[in-house]
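Below is one structure, written out as structure tokens; comments come after it.
Letters A, B and C mark the chains in the order given here, with residues in each chain numbered from 1 onward.
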Amino acid sequence: MLLHYIYLLAITAEAMSGAIMGIRREMDLFGISLIATVAALGGGTVRDVLIGHYPLGWVAHPEYLAFTICAAIVTALAARKLHHFKSAFLVVDALGLVAFTIIGCDIARGFDSFHPAIVVIFGMVTGVFGGLLRDVLCNEIPLVLQREIYASVSLLTGAVYVGLLHLQVDTSVATLSALVPGFLIRLLAIRFHWELPRFNDKGIKGFE
Amino acid sequence: MLLHYIYLLAITAEAMSGAIMGIRREMDLFGISLIATVAALGGGTVRDVLIGHYPLGWVAHPEYLAFTICAAIVTALAARKLHHFKSAFLVVDALGLVAFTIIGCDIARGFDSFHPAIVVIFGMVTGVFGGLLRDVLCNEIPLVLQREIYASVSLLTGAVYVGLLHLQVDTSVATLSALVPGFLIRLLAIRFHWELPRFNDKGIKGFE
Amino acid sequence: MLLHYIYLLAITAEAMSGAIMGIRREMDLFGISLIATVAALGGGTVRDVLIGHYPLGWVAHPEYLAFTICAAIVTALAARKLHHFKSAFLVVDALGLVAFTIIGCDIARGFDSFHPAIVVIFGMVTGVFGGLLRDVLCNEIPLVLQREIYASVSLLTGAVYVGLLHLQVDTSVATLSALVPGFLIRLLAIRFHWELPRFNDKGIKGFE
């Protein structure tokens, strides 16, 4: 229930992040709305297509599209003022990341044959592939492949959640035990620029 | 019936537009054929994958692939002469946009549970996602996110078509009533550079 | 059976090729693992999504993901030494291309309604779309659209395989008769820079 409201808040925030990227690339109102929608609903869409889980969320609930398109229009109109809210965006995006992850795990758990690792993977797909598709459409190397721990937070959140449910912990306890630490770690990662290791590319110069 | 011939004409035109982009990026004959095929059949493919509607059109009708590959080869061989036909291309592309839209709406209408807005969205996906995938493969920000009203024409065409059918108007009347104005508006949009609004990106400078 | 071992060898090699691209673009460990996985398993995933064939290979066999992620980590740690093995990579990649193609044809042949040409196409999709998605995520025009005959080898291998099975040739004979020449032609294409024709783009200057 609470998760549903967090979900609506999160798709709004992701839609606004997509809209901002579209505005900066001088897209028109259609382009901005499409990027916003892809950023917000793309992760769940990729998950459902990879599972073969139909109808897709936004097909069954067209009101999600109304949310993302309204968020895009508001962002476009308010673009000049948005830099005042940059921190708020990062916080809601972090909340969205963990909420999307848990919702994605729940959908995948509905398929009995799935290995727990696959459930965690589909949680991560739900959390990060919206942003990944947004960046591909904007002709950028996806940020999620490069920046401070982001997908890793999603994988950790999903692993804690699926692990606790496996130990017969109550669903709402498992949700909070995965959501809260995941959210806090993401915020700390932003604050202290925590990163995953990168690697020396000497020796592979001639490879492409 | 007429729509079927317009469809074949349209996939040929879209395939040629894809082939031209491939030739300009110095792709080889395989690359040109693939881009042509994606441009022509990608919209319907994305629609069917998002709906879960199998088999895909070109899987059931492999002759569509023969069409797009032949169009690519002819385009490659005739590349030097093509600039004489630039206006013809724009006209056939406009026709294709509205025809793809109506065909996409028809497929989506076969699913009783779909909200009319979702039917219109799938019409638009059919109309514009081929060009969008073509641009992603060519490593460009998709044109449809930026240029004069294009996707908007598709949404309008679909809305008129679905709206008239909702009012129990005869299918062929609804088809023509959506097709003809959509086609004319697209031609006028090209002629007079009609555009959707863009937005000031001051104030979001520091955002990425 | 042999094909299964070649498959595991091939996904390892493709994963390493993906990891190398990720390292060169300064991705972090998550990015490198994701690119590796997409390069190795993306072709089969696209094929299965286009067919509507669920569950996907890596969903039913999560151990494939363990393979690709381990290959990515080993590549990242050993990056400095990898240039000694460049030729070995090209050989295993060529083997992977033909093995993926034949495995893809086998999956598609399970659908009785598919035209033989569609079976060959799905073999090619399996062989080349992993590398294509890898390049899109790395923000490059896909190599397969431009370089010496690669997709063509896959199409040829698939056509020989499907053709021989059509003539009631024994499966293992057909497999070897398609695999060995395909593999050799790909090696010769690398050695002698065999290319498909490209085309003069004069006359289409003003087209975009």
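Everything below uses one rule, namely that a residue touches a chain if its C-beta (ideal position, glycine included) is under 8 Å from a C-beta of that chain, and two chains touch if they have at least 3 such contacts.
Small disclaimer: the values here were computed from a predicted structure and weren't measured.
As for how the two copies subunit A and subunit B face one another, under half of their interface residue numbers coincide.
On superposing C-alpha atoms, the copy subunit A sits rotated by 120° relative to subunit C, to the nearest 5. Note: centroid distance subunit A to subunit B, computed from Cα atoms, is 29 Å. Contact with two or more other chains is made by residues 49, 52, 136, 139 of subunit C.
Per the touch definition, subunit A reaches subunit C in the complex via residues 49-52, 111, 113-115, 117-118, 121, 132, 136, 139-142, 144-147, 149-152, 195-208. Those residues of subunit B that touch subunit C in the shared complex are 20-32, 34-35, 45, 49, 52, 54-56, 59-60, 62, 65, 76-77, 79-83, 86, 136-139.
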